[in-house]
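Letters A, B and C name the chains as they come in the text, with residue numbers starting at 1 for each one.
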């Protein structure tokens, strides 16, 4: 017990040591920067401010979805339903807002006022989130299977409503406003601002609130969390509802941007949201990861895929690049953490 | 807690016999039920079915021909889930196999070598999955999501830019045998692809009941510690099972590309969901240990009969909704059954 | 007392010689030598911490001895893993069952020993042999039944049959009756006797002394890691002699009666009953340290979890005059905190830091309208690290890297931060080194002196006698007796009660 004698002093000295999460986030961020510089060497005119901004603004939807997915992963649960929810809420918002009495079935909607239409569409999104929570929390079915099912369910409803294609006629004028509105006298659109605000709120919740900490505790050890008086069922239900709410908003914004409800919108977005979380160091086992890491994971994915879309490689490379990126991320992060904590 | 120990022997077996009977045979009742419903329903609205009768032989043949890929896949996927593992890459593996097989065929490689090389590719894909899961210890879900993306990417790369699939045209022509494997009747009006699916299923039923692999798969999924303490090399068992799934996916890809006469790099999309659905309907437990190859085969027949039969009742765009709902319903009922067992 | 035919010259099937196992700071097994005769039931007894389980782990290859040797049938035996042990003819029946529920009895019996050709199973004499073995020891089990349809007792018998048919000459059984009903125990004993008659040696470990007298031929007593005696049971003069050998001279001078216990009954429990507990009633006073002492499976953990709202239980529990809630959350809000039995899996967030572990049970103190007060967390961590003397260089150290004693102190800190009035401590010093143990006892006494109540659930007699003011003795789910601690406490009597002496044991 000699250590205890000078414990006060050593303790304060050591507060500056970085946490494992910050370490991984820094690692991911430096990989993102490195990749950007590397791509700049290969691709002419890649090294531009606009390009850097585009990496973020073009991916506002996936980054937004990644927030809900990351929180769930930290709590030890998958959410693969977000892509389906994007399609569902977009289609519903269009259908509800379309005027009554169009020329055919696909141009006839419910004629609700726009604000009511998007509220109801969000209700649809939340219903899927509630279904996820019910199956995962109450029935204790593995979340991967549940959310694969609800992904199809959500997209399936969207396909039925659009009869397998899309609805884009007979819409009120204000329908296209939200998705295309530019902000602060710049060319930055509302959805991008939405993503940035969401990101800041998420970082605040993760770092500064009890809610954020609860997520880590539940993911780190669900049994100990319950025995410490945490209502994990309720918390996971909230997380699924938040994730579906974000996906619902993304769906509505996308529908507004394109002024259409397309049943195949958001295809593979759930996959990309999972990929950026994994790239960003969020651990599948739960209890580890950060939203900032996920954000840099999204940058990495954006560089990799934008390099693929016509700059260096053919677009067909994107799936292979994603696979390799996730594989390398998991292997190196495991290795780096093991080395650091040796 | 351990289950209560003082229930008398007699009541255990009496209650269990009924439960066991239902568990073993309910799937056949479901199949019969689905066929009856589809036969009674008004089916003459679509040209897929003739004379408004689901049980008309041409319709049955049609359903079974289209079902060949899923029927091929169900058995191996069941064994893998019995061992407590999962493979989300089967759809991509199937697409890649379809593309490889079509490329070989269109470039003049004869049937047997093309077939063998494609199956070999399936072995390779299974080995990669097994390696990631067993050697690098990446969670099965993540490992096979990685290979899902990888195999799909390779399949897309193999197909030239600007073309959606490998098919006749541009000076190259698919050989005649390519299509006949999946369509032309060899026996009882059914094509080779279907009989291969049956053969694979029979082989796997025998393997499950009579081989070391079948038994060790159950032991690995049921009680991994006990399996290891009994000297079983569970890593080897799991790698073998991933290879089996890879081979089945390759055979499924061959069947699909042959039926469609082209090598489509997206043809297997969503197949992992169908496979999970089929296996769940067949009563396989998430937790491993439990599940029969034959029941999954029947489950695949049910799903295919339903999806195709449904086309006659509702428009095609209902399909995703129905499959998603079926998946959730199957998962929920599996949960209810297993909860009943543990609380009794 | 044994009526079977023994071979004329007793041969030693298993012998250990000068066996020693050192852990950092602790010598768990200290120069133990004894030998076991072939074809007997040899019992191994000793208090918790006497070194039984360490000894068994060395016999089964799970641990390697620091020094000393073992021999089986006269030849050197040094297993590197459980598989080696099985090859060497020593099989073990662990407390957790190692059968595959989804396979049939026969498939389980042959698991890992199958004959095959090209990967396919072939019929061999193996099946006949294992079925015969099973039939010989328990004819009522159908070899083609699925193991999931069997009771726990039957599954154990399947494991025993597998061990016997794999050619094991020694089968070690670690508390095999912990989860069995009386009737099943009888059946298991019949199986063990038949095994013995077929020249299999059984090493039988149990705390239930009457079982040892019913079943055993010889007994080896361990205490504090040392070998005390190996005797024929016919030479042992009843339970009292065995108990004396187990506890030796009383060394419980630690306890000094505490004066500031109030009469206020802070907790009352009436008629607690569930699958383990049978009509358990008691009360706890303010400022009191009570102990619940009993064997593994006697119901200690179940009482703790019931009081904490973690398990369902029939009966009534009142805390500070109000019924306690039905969830840990409500229990904590009412002022009850639990230090669970398994600190790594139930108590700690091992991949989080000390700082992040401590505040989890008291979110209200941490939250300022939902915002985390980092300074409160930091100050609390520094405070508890200093107060509980947690040996660490940083409050940001991951708790998985702490020693057992320091991990346990972090779990204590969690409960202290929760401002609980009643602390439930389930095996509070299990796997904790001696120094930390003393410190933990001091913490407990200080808490009680400050007016908190403490309930200790322990299977270590020394622990409850050293610190508790009042001790409840449990046996197989019921509260058998209550003992006021003091200088003239009758330790042998206590041991007699918790080993089943009240329920018709051999006295």
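By our rule, a residue touches a chain if its C-beta (ideal position, glycine included) is under 8 Å from a C-beta of that chain, and two chains touch if they have at least 3 such contacts.
As the structure is a computational prediction, the values presented were derived from the model and not from experiment.
**Student:** Considering B-C alongside A-B, which chain pair is linked by more C-beta pairs in contact?
**Tutor:** Counting C-beta pairs in contact, A-B comes out ahead.
**Student:** Quick one: which chain's Cα centre is the longest way from subunit A's?
**Tutor:** C
**Student:** Between subunit A and subunit C, what's the gap in Å when you average each chain's C-alpha atoms?
**Tutor:** Chain centroid spacing, subunit A to subunit C, equals 46 Å.
**Student:** Just give me the whole-number Å value for how far the CA centre of subunit A lies from that of subunit B.
**Tutor:** Once rounded, the distance between the two centres reads 31 Å.
**Student:** What whole-Å value do you get for the distance between subunit B and subunit C if each is reduced to the mean of its CA atoms?
**Tutor:** So the centre of subunit B lies 46 Å away from the centre of subunit C.
**Student:** If a residue has to touch 2 or more other chains to count, which residues of subunit B qualify?
**Tutor:** Residues of subunit B never touch two or more of the other chains.
**Student:** Contact residues on subunit B for subunit C in the complex?
**Tutor:** Against subunit C, subunit B makes touches at 1-7, 9, 12-13, 16, 206-207, 210-213, 215, 218-219, 221-223, 225-227, 229-232, 289-290, 341.
**Student:** State the interface residues of subunit A toward subunit B in the complex, per the touch definition above.
**Tutor:** Residue list for subunit A touching subunit B: 78, 131, 135, 139-142, 144-146, 148-157, 159-160, 162-164, 263, 271, 274, 278, 284-285, 314, 316-324, 326-327, 330-331.
**Student:** Under the stated contact criterion, what part of subunit C meets subunit B in this complex?
**Tutor:** Residues in contact with subunit B: 82-83, 86, 96-103, 107, 111-114, 116, 119-121, 140, 148-149, 151-153, 179-181, 183-184, 275-276.
**Student:** Give every residue of subunit B touching subunit A within the complex, in rising order.
**Tutor:** Listed in rising order, the residues of subunit B that touch subunit A are 86, 132, 136, 138-139, 141-142, 145-150, 152-154, 156-157, 159, 161, 273, 276, 280, 286, 315-325, 327-328, 331-332, 334-335.
**Student:** Sort out for me which residues of subunit C touch subunit A in the complex.
**Tutor:** 308, 310, 327-329, 331-333, 338, 340, 345-353, 356, 360-361, 363, 366-367, 370-372, 374, 382, 385-386, 389, 391-396, 398, 401, 414, 435
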